[in-house]
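Here subunit A shows up in two complexes: once beside subunit B, once beside subunit C.
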Partner chain A sequence: MTAPTTEIKNERRIGAADVHPLPPEIDYSCRTPLTLLIACSLLWLVVSLLFSVLASIKMHAPGMMAGVEALTYGRVAAVASSTLLYGFLSQAGIAIALWLFARMGRTFLILPNAAIVGGILWNLGVLAGVGGIMAGGMNHFPAYEMPSWTTPIFIVAFLLLGLSGLLTFVARTERELYPSTWFLFASFFVFPWISAVAYLLLGRYRIRPVLEPIISTWYANQFVLLWLAPIALAVIFYFISKLSAQPLYSRQLAVFSFWLYLLGATASGFQNLVAVPAWMPILSSTVNWLLAVPVAGMLYNWYHTWAGHNRAKKQKDVSSKYVVFSAVAFLVMTVLLGMLSFRQIDKVVGLTIFVTGVSTWTLYGFIGMAFFAAIYHIAPRLTEIDWPSPRLTKIHFGLTAAGLVLVTLALLLGGYVQGAGINTPSLPFVQVARRVVMFIGINSLGLILMLVGQVGLLWNLILMLKSCAIRCCGAGRKEVAR
Partner chain B sequence: MNNGPLIFVGLLFTMLWSYYGFVVTNFRDVGRQEPFETMTGDKYPTGRSGTANLGQEVYRANGCASCHTMQARTRGYGADIERGWGKRNTVLRDFLWDNHVFLGQTRIGPDLATVGARNYSTPEWQFLHLYNPRLVVPESLMPRYPYLFKERKIVGQRSPNALALPAGAVKEGHEIVPTAEATALVEYVMSLRADTAIFEAPLNPKPKPAPETNEVTAAVPTNGPAPGTNP
Partner chain C sequence: MANHGTYNSPGGFKLTIYGIVIAACFLLMFYVVRGMYIKNNPGRVNSARAAERVKARNELREKTTTALLQGGMIDTNKGIVRLPIARAMQLTVEAYQNPEAARSNLVARAQKAAEPVAPPSFE
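Now for the complex of A and B:
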């Protein structure tokens, strides 16, 4: 009798195996909608980085394409940011969440067709939003640059995708909930709420425009820390346990960190706003330090689950280095947020590209890297084909990590130089801007490295889909031809 | 925590406290602000002109807010006042009648909270700067906005609105005139002058130089424990 593979053994550890569908069957039920979502999300990621590179180059070459209205700096930057947030991160996050709901609940994906329709609608929404921004319909809110009329498209698309996720959650045959599910549940709960608030109060009924900065900051914070970040945390919790083939070190600690994280993250985000009533930045700053407690709890939990177990498998698996990178990035993000909450530090680097550096690090380093880990794990299971080029996966990790570190360091240091310059009144502002140019140049370089890496990942996925299509449909077509 | 409904209720309350705390209470406090009555009986702020309100839409549509903030910080918190970016810190009441509030996040370019009140700032300067920033600030890194202007042949007299460009910047017999968008944008930018003292943001006068009391501190005996420390 052959020993079952580690994966099957893991899946069967809890509960009776016979009533549950087998993992490959679950993956098969996810195949079409999730392949669609993941492929489109990686496409948007490449688009987003293209626009980021363009925006960054425009910052040191201000004359470039100045006559093209649709490609003016403000619009290019808005397209880069919104395709990253909605095209890549949200979409990939939904795909990963659906897969985790199905796999951890040990059930088939319910309503895959609704998920397909939702996915198509979501991409149409992103496309419409990009067109709207370039045509001059953009909003000036961070993380909500797409014209407000696109938000209902996202809400409807999300309701379809979320319905699939929720029904899958309800239909689970594994009754015990792993921490990942709590986080996914939280993020699926938050997204419709905040989108509805943004649409109604920032777009449709602008009751008091003077509240715009407050509501938009609230939205941007919830979008990153309560919609995207919980999915990334779910991914980390899942893989930390999965790849090391260990049960979670402490479930109680996970419960504690989960609630404290949510409670804290809901009040973060205002630390750098100047013109709003002072209690908001002060509350956010305090809460950012409070966040250190749940973050430390999670890291402690992960470390004890991960370290020293199942070394050989972890080394072989592509996902492990992404997971580790993401977990470390989570810690760095918390430290950076904490730094921004110090008045003495905010005095210098607040309102500079330092803040951009922190959000870039959060979005790519913590959330993006976790999503890459999941995509590297999920895609081969959906298509039942291994990544065609192991070399490209190595190149992808190297370029993404190197590019990201370069970008973040450039923005953080540049932000410090910029802030110190602004706080020296004898220095003309033009000279301050000139001093930052060098750092923007390094930023462009890092973004180009990241772009090349993502093109590699996309190419790898295309090769995989091609051989999957040949295997699934190619054989069929030949039979028909005969 | 294996109970879906329990998690749901917990999440509901978590989100409710955040929504109530940041959105609902601010509707009540910030959203119900009234204009400030100055000592002379004037109301502040007065609304902007209709053209300036259209200019806000141009400001929004071109993403100006991605490089320019409109929030001057108070004296002692950064050097905004010393830099001449305003006489006092910006507060939300400055934007009470606006359709959009562009506080912004990043100062790639200078802060614009009081740009209309600065010495160099005239509509002519703003038009030239918008057409090509390097005409007036040689080292500037701001993009040009030629699409907000029209080049046209001079028929009869020069247009009074035509830009006063240096020789050779435009073809012989042609002139550059601002479009309605540029006019609206400049009107909006020139209307930015948050310089009235109001209750929550008094003008920040230069602090008086500290009185020279060095002798007093020097007279503290140095042989005993410093005051305030436990011996």
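Now for the complex of A and C:
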């Protein structure tokens, strides 16, 4: 891969007729904003896992750091969740989406400077939110735990990043839209809309308390299933076709799956709520099973595009195993959501760590793994340098997958044991809690494995950026210092 | 002209218009929800009762503040007046320099206040 020359850059401008930039030129236009977003997102992921480990250890060793107000369990768990959702997943998702918009549209990234400012603002927002939580100003709503005053920062940051993404979409030179673009386009409107609703109804205005769990559950569900998940689906659609060097098996099936997924995901999320009108959990339970149809459609489409084609490239490419893991995780997530929709199962595990296990699997297994696949593919193209340590990439996948499976199994099984205990009236509650401690311990172990894996990925990226800086600017060379 | 299967990128002016429209779409929900809330806000539960109680509390607070801080006539016939609390405390401290005289004075004043009022001379 070679850096585009200055002449090419000067000749090829947006707005000029018949401009069809080459892939390296597109990557070059994305370099600074996307490198910033990806590097910061991985940093936040490490911070998130650090706090997750701390929160998990506190569950079986409650005395640890109990005297430090800022590090009490509630605040630590909220920081872990917020940095994962806003620091890593949202930020990496935006970076990937910007790259996909530019690459699939065969155009330069529009407003790259706005994207840089947006990225800086976004990170300041996460930093302010973490500070706010640790100072005690957190909200008690899932996925909306950062203080409400940080939301306008995210909205303004997204305004800049979203404008860059959607204007890149508008400026595309490729006429045909691939399914990945549909998902990205939809998700880019979802974030500002749901954030505005959450800010106004959960933060700024006082609403009747009975409405709060409904709105906060709606927000958390939309955040995962309609903001983050579509970006992950876009990544899977892109790589399934790209790595197997095949066109998508069925475009019609993709259209059907896309619309049915959007329809279903909108009404999901209320299945475990109590003290709400009965039709809400029933609707969500029904819709969760209805989601099996678009999911089956997508999996069928992916399988027929992927299987048996271009095996050598797929084995060589580091992204392929992440994509496969993510696709399988998507199927497992749908099955788990369906299980939670059965009243008989919900009665046992609905108020236990089982639900945490499902959300952990969704966020890391399905969405996170898809994003890792994209990061492994995009970062070398942005920096024009391969991953410095192939061994670290293998270690990263091994530790992340092993850790994630450990965490999820521990939480799911622990949730079942906890729920069975709670539903046995003769069993003292302390004994139920003691039974779960072993599973929390396994959860801590899994999280530590994942943390080590992410530190490896971050280190690999730092080495890559260092090589890139040396190559681009000569920074760090001894000759320069002399 | 666009080639088959491709577009030409729009120019700067078109992109600006698109940008404005997209930004407006991003902020659409903000204004819709805000408008809906302002128009249909039913207020808090028992808000009328809460307002009534706040009003009564404010009236009571005003009366007690006046009674404590301002002087006034309590009973014209008996010649009983209300002193501001600060002045009353000052007089009490001064009077109790001579405790016996202060106590007898207090008892005399209490008895005077408790006496039935003499009927007016014209009755």
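By our rule, the second predicted complex is superposed on the first by the 455 of 482 C-alpha atoms of A that agree within 3 Å, B and C clash if a C-alpha of one lies under 4 Å from a C-alpha of the other, contacts with A are read in each partner's own complex, and residues count from 1 in each chain.
Rule of thumb we're sticking to: a residue touches a chain if its C-beta (ideal position, glycine included) is under 8 Å from a C-beta of that chain, and two chains touch if they have at least 3 such contacts.
The structure presented is a predicted model; accordingly, all values stated were derived computationally and were not measured.
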{"item": "Simultaneous placement of subunit C and subunit B on subunit A, clash or fit", "value": "fit"}
{"item": "First, second, both or neither for A:231, with subunit B first and subunit C second", "value": "neither"}
{"item": "Angle at the Cα centre of subunit A, taken between the Cα centres of subunit B and subunit C once the superposition is applied, in steps of 10 degrees", "value": "40"}
{"item": "Which superposed partner A:110 touches (first subunit B, second subunit C, both, neither)", "value": "second"}
{"item": "Which superposed partner A:189 touches (first subunit B, second subunit C, both, neither)", "value": "both"}
{"item": "Partner chain in contact with A:171 - subunit B first, subunit C second, else both or neither", "value": "second"}
{"item": "If touched residues of subunit A are counted for subunit B and for subunit C, the larger one", "value": "B"}
{"item": "Touching partner for A:163 - first (subunit B), second (subunit C), both, neither", "value": "second"}
{"item": "Contacts of A:208 with subunit B and subunit C, given as first, second, both or neither", "value": "both"}
{"item": "Partner chain(s) touched by A:197 [first = subunit B, second = subunit C, both, neither]", "value": "both"}
{"item": "After fitting on chain A: smallest Cα gap, subunit B-subunit C, Å", "value": "6"}
{"item": "Shared subunit A surface residues [contacts with subunit B and with subunit C]", "value": "170, 175-176, 189, 193, 197, 201, 206, 208"}
{"item": "Residues of subunit C that touch subunit A when the two form their complex", "value": "2-3, 5-12, 15, 18-19, 22-23, 25-30, 33-34, 37, 41, 44-45"}
{"item": "Subunit C-touching residues of subunit A, taken from the complex the two chains share", "value": "14-20, 106-107, 110, 155, 158-159, 162-163, 166-167, 170-176, 189, 192-194, 196-197, 199-201, 205-206, 208"}
{"item": "Of subunit A, residues touching subunit B in the complex", "value": "58-60, 62-63, 66-69, 72-75, 77-78, 136-140, 142, 145, 169-170, 175-177, 182, 185-186, 189-190, 193, 197, 201, 206-215, 218, 222, 255, 258-259, 262-263, 266-267, 270, 272-277, 280, 343, 347-348, 350-353, 355-356, 418-419, 422-425, 429-431, 433-434, 436-437"}
{"item": "Residues of subunit B defined as touching subunit A within the complex", "value": "1-2, 4, 7-8, 10-12, 14-15, 17-19, 21-23, 26-27, 29-31, 33, 59-67, 69-73, 77-80, 82-84, 89-96, 98-110, 133, 137, 139-147"}
